[in-house]
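Multiple structures are listed underneath, in structure tokens.
Okay, so chain A shows up in both of these, paired with chain B first and chain C after.
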Partner chain A sequence: MANSESKEYWRWTESRWTNPDLDWKDGDIISAGVDVGSVSTQSVVMVDGELFCYANMRTGSDSPDSANNSMNWALDGTGLPLDKIEYAVGTGYGRVNVPFAKRALTEIACHARGANFMYGPSIRTVLDMGGQDCKAIRCDHRGKVTAFLMNDKCAAGTGRGMEVFADLLQIHINDVGRMSLVDVEPEPVSSTCVVFAKSEAVALLRKGWSKEKVLAAYCGAMAHRVVTLLERLGVENDFAITGGIAKNIGVVSRIEKELKVTAPEPSIDPQLAGAIGGALFGKALVEKARKKA
Partner chain B sequence: MVTVQMEEKGIFDQFKDWYTNRHEYAKAWKEKGGKVMGYFCTYVPEEILYAANILPVRILGSHEPQDVTEPHIFAMFCPFCRDCLAQGLKGRYDYLDGIMIAQSCLHIRQTYTSWDLHIPTDYSYYLPHPMHVQSPQATPYLREELIQFKKSVEDWIDKPITNYDLKRGIEIMNANRRLMNQVYELRKKRNPPVTGLEAMYMVVSSQMTDKHEHNRELESLLQKLSTRDIGDPGERLMIIGSEDDDTEFLAMVEDLGATFVTDDHCTGTRYFQEEVNPSEDLLNAIAERYVKRVPCPSKDWPKRTRLDHIIRMSKEYDVQGAILIQQKFCDPHELDTPAIKEELEKNGIATLFLEFDVTVPIGQFKTRVEAFLEIMREEDLF
Partner chain C sequence: MKANYGYKDGSGEYYITIDTELCNGCTKCVEACPENVLEVVENEMDPLAEDLVARVSDEHRKKIKYSCAPCKPTTEPRTLPCVQSCEPGAISHSW
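Entry: the complex of A and B
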């Protein structure tokens, strides 16, 4: 058996993809969005508003490096040189540190626009569950933000919090959601503060709770916390979730249950929403600039 | 805003210097032989202190993390009251001859009582101030309390405060208010010649300097402002909330291309908007001013008079967006926020709610403010 101490249970799978049906040489506007988040960085390249390629990887300690690395990986094997990208938008907390971006926009604007692309123009409420914070966003049919709320400076209800739990319980982050649904539904842990919840979880394990049950309690608490954020803002249908936690069925299903809504299944990795929004804004900015010229 | 940097010496530098070097200023003032009174709330009638030739200095925090107040104030009391007490416990106000407060909220009163208990000063005074300022009995109540307070000060300085002294006190305070109102009046212009940050330095410094000197600076400022043009203000914002001298936050917002054109803060308009109308009975006139001023939310009930006031101001200053910002755990403000937010939005003004702590998480706030400005900016994104 591998030494469990050295295993990185939190490490989610990095990925890259190229659209096999698209040739960038046929495109008119090539735009890109780079979302440098606190935990992950995504680079998305779009050709005339269609997904061409992307990369999704872990953010390093240096924002410009993270942006460059993810873009290089996204472009890898596509034959598309970086300088053919007409307009790149930086977003996420490292948005001003994307060396090749012409413009920085907030991840709030970009996630709303991205969700509009991914789930359609009927989306009115977007929950972005990111690595280090969580945002409830209301938007119109174009994906333009009309209102938003952000959680406070705390890792509760975020990807980072979930990573800490995966590590504590030695369950791979990809399996957390599924495993949280197998045991009976317990009361949520009383604290979502990562530090307190961690000690609470240890106490529950000592009490004889299964790991699955502890995970269920934590996912339940996390869901409840973001639901209160959403309720403060007001939820209008349709509702969608973006960000890494959108891939955690344990949290998503509990949010849906509490809110009595259904979030559509993502057909594209929901972690990409911000970068997609950025790339679409890049395209719009090129179009407007051309019109003016 | 570009031209601001081109002025040879910033015309607001003096205010900023006073604010930044508040302790040095007060110590130097004291050298000349006067007494300095630290006060905790803008309900303190500075007229009486000026009448007694005492320098009133508002005690403010320093926005540094600290760990000295833990034994004295609850952690769920507002960061401002803890920050203020920390200044006392660290000895930064060791030059004060006295401290005083006028009753407003429990949090800052805890700072006062704790200070009184642990940091020795020659004089201290708790001025009861009516909470129910909408009652017709509020002015007579405060008048009686002002009589007691005046007596107490007279005993302390061992000198009577004459009617002539009181008139002088009122005049100096009124002049200061009038001048600052004139500066604010200019902010209504299409291109305001003053940024929100500059206005904040101006008002906050007035709470800690000799108003004779402050008035002279204001007069010279007004002359320079008549020809000053700092260009397009971008989005016209109003900032509303509790005590706020967070210059770093204002600078961050204005760096994003918007301008604060007015405020409802006790470090802003709530401090200076109304003058005392001198009448035969001067203490009554002073009492009336403090009862009828734009209230702190801790006193604004049962009717929420600030609602109409804020809407009126937002129209006068042509405000597009309002940032509602308060000290964390400030219940009076928090209670008013939903109503104010609703009323503003009904009037077509976008709002953003934020909570202050001792230090401001500038990165996170920046994302929120940028997103807020993006909502107001249609631009070329769609």
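Entry: the complex of A and C
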């Protein structure tokens, strides 16, 4: 079993975390955000707008199950029962299927808000590179969306595309970014479609290209694709990337080079941005309801 | 907020842009659109606000190329019904 699992090159590491300095019993507003994405599901619990615990795992075939599993894992060992969460927000593709969420919000608003929390109020342009889509977002100093553009029609320029390449080249998904940093940059693969890019990559391998060079050609094509998306929207500094691809230095460095900007190093797992945004909206919605009452 | 609905694929760019700062939620565009592409709902990008704005319905976002094809200018330039109906001028297109 261990042998067959080690061959799953696309399989990234799931994680969970609890803030050791925070006691939920001292908190006033406990809010949560659950981001059920196409590939990964994150649950984040915040106490008065501060990170309390989170879990990040793969989305299964059933959205409600994925939401429940990730929330249970996040709460595991914290002593916080689910019913003490005052407001839970569902976001992402499976947002309407989060059983314990009071409201479903679009992931675009949540990612802008989350990026604002993670990278600071100076962020004006957010690129979310998710598992199955890619979003370019402009926001103001409060993380409010001022413009956006989304592409979810195909898997080019997304995490899933990178998983396919990790599998094809038999390189672990955690290593593809680093390995793609070759001395001489090859011409990017001409097709951005994952299926065509894959057959093009196979042809290049047969021609004798090294794995590193093929990866470089694919990362280059992926970066170029999202750059055209960003340019349509206009890029304003500061610029940040969220989503799983933000951990891929090969794609990130090529986007930075093409746009002539620098994306800050994420202090927290960039995959969490949507769920963090959801939890922050949860808190704001509680405050709004209290003010009205 | 400038909301771009649509996509880009091998055959071109298909985006409808709605400026929510200008949109007053009057629903005239909804009535003007022969394919029912537009709808007026709560602003989903600003969950704390309660104003109503126009957007492209989920059903049409991935097929704007086809949904909007009947209104595309063929021989001479013409203003699209949605753009024409919008008094504050909140709607624009990428084509």
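Just so we're on the same page, the second predicted complex is superposed on the first by the 284 of 293 C-alpha atoms of A that agree within 3 Å, B and C clash if a C-alpha of one lies under 4 Å from a C-alpha of the other, contacts with A are read in each partner's own complex, and residues count from 1 in each chain.
The rule is simple: contacts are C-beta pairs under 8 Å (C-beta built on N, C-alpha and C of every residue); 3 or more make two chains touch, one makes a residue touch a chain.
Here the structure is a predicted model, which is why all the values come from computation and not from measurement.
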So, after the overlay on chain A, do chain B and chain C clash or fit? They clash
Chain B versus chain C as contact partner of A:109, first or second or both or neither
both
- Message: In the overlaid three-chain picture, which partner chain does A:150 touch, first (chain B) or second (chain C), both, or neither?
- Response: both
Quiz item: Of the partners chain B and chain C, which touch A:142 in the superposed model: first, second, both, neither?
Solution: first
Quick one: classify A:93 as touching chain B (first), chain C (second), both or neither.
first
- Query: Which partner does A:233 reach: the first (chain B), the second (chain C), both, or neither?
  - Reply: second
Exercise. For A:271, select first, second, both or neither according to whether it touches chain B, chain C, the two together, or no partner.
Key: neither
Dual-contact residues of chain A, meaning touching chain B and chain C, are 105-106, 108-109, 144-148, 150, 152-153, 281, 284-285, 288
Contacts from chain B onto chain A in the complex sit at residues 355, 361, 363-364, 367-368, 370-371, 374-375, 380-382
Per the touch rule, the chain A residues reaching chain B in their complex are 93, 105-109, 113, 133, 142, 144-148, 150, 152-153, 281, 284-285, 288-289
Listed in rising order, the residues of chain C that touch chain A in the complex are 1-5, 7-10, 13, 15, 44-48, 62
Per the touch rule, the chain A residues reaching chain C in their complex are 103, 105-106, 108-109, 144-154, 193, 228-229, 232-233, 281, 284-285, 288
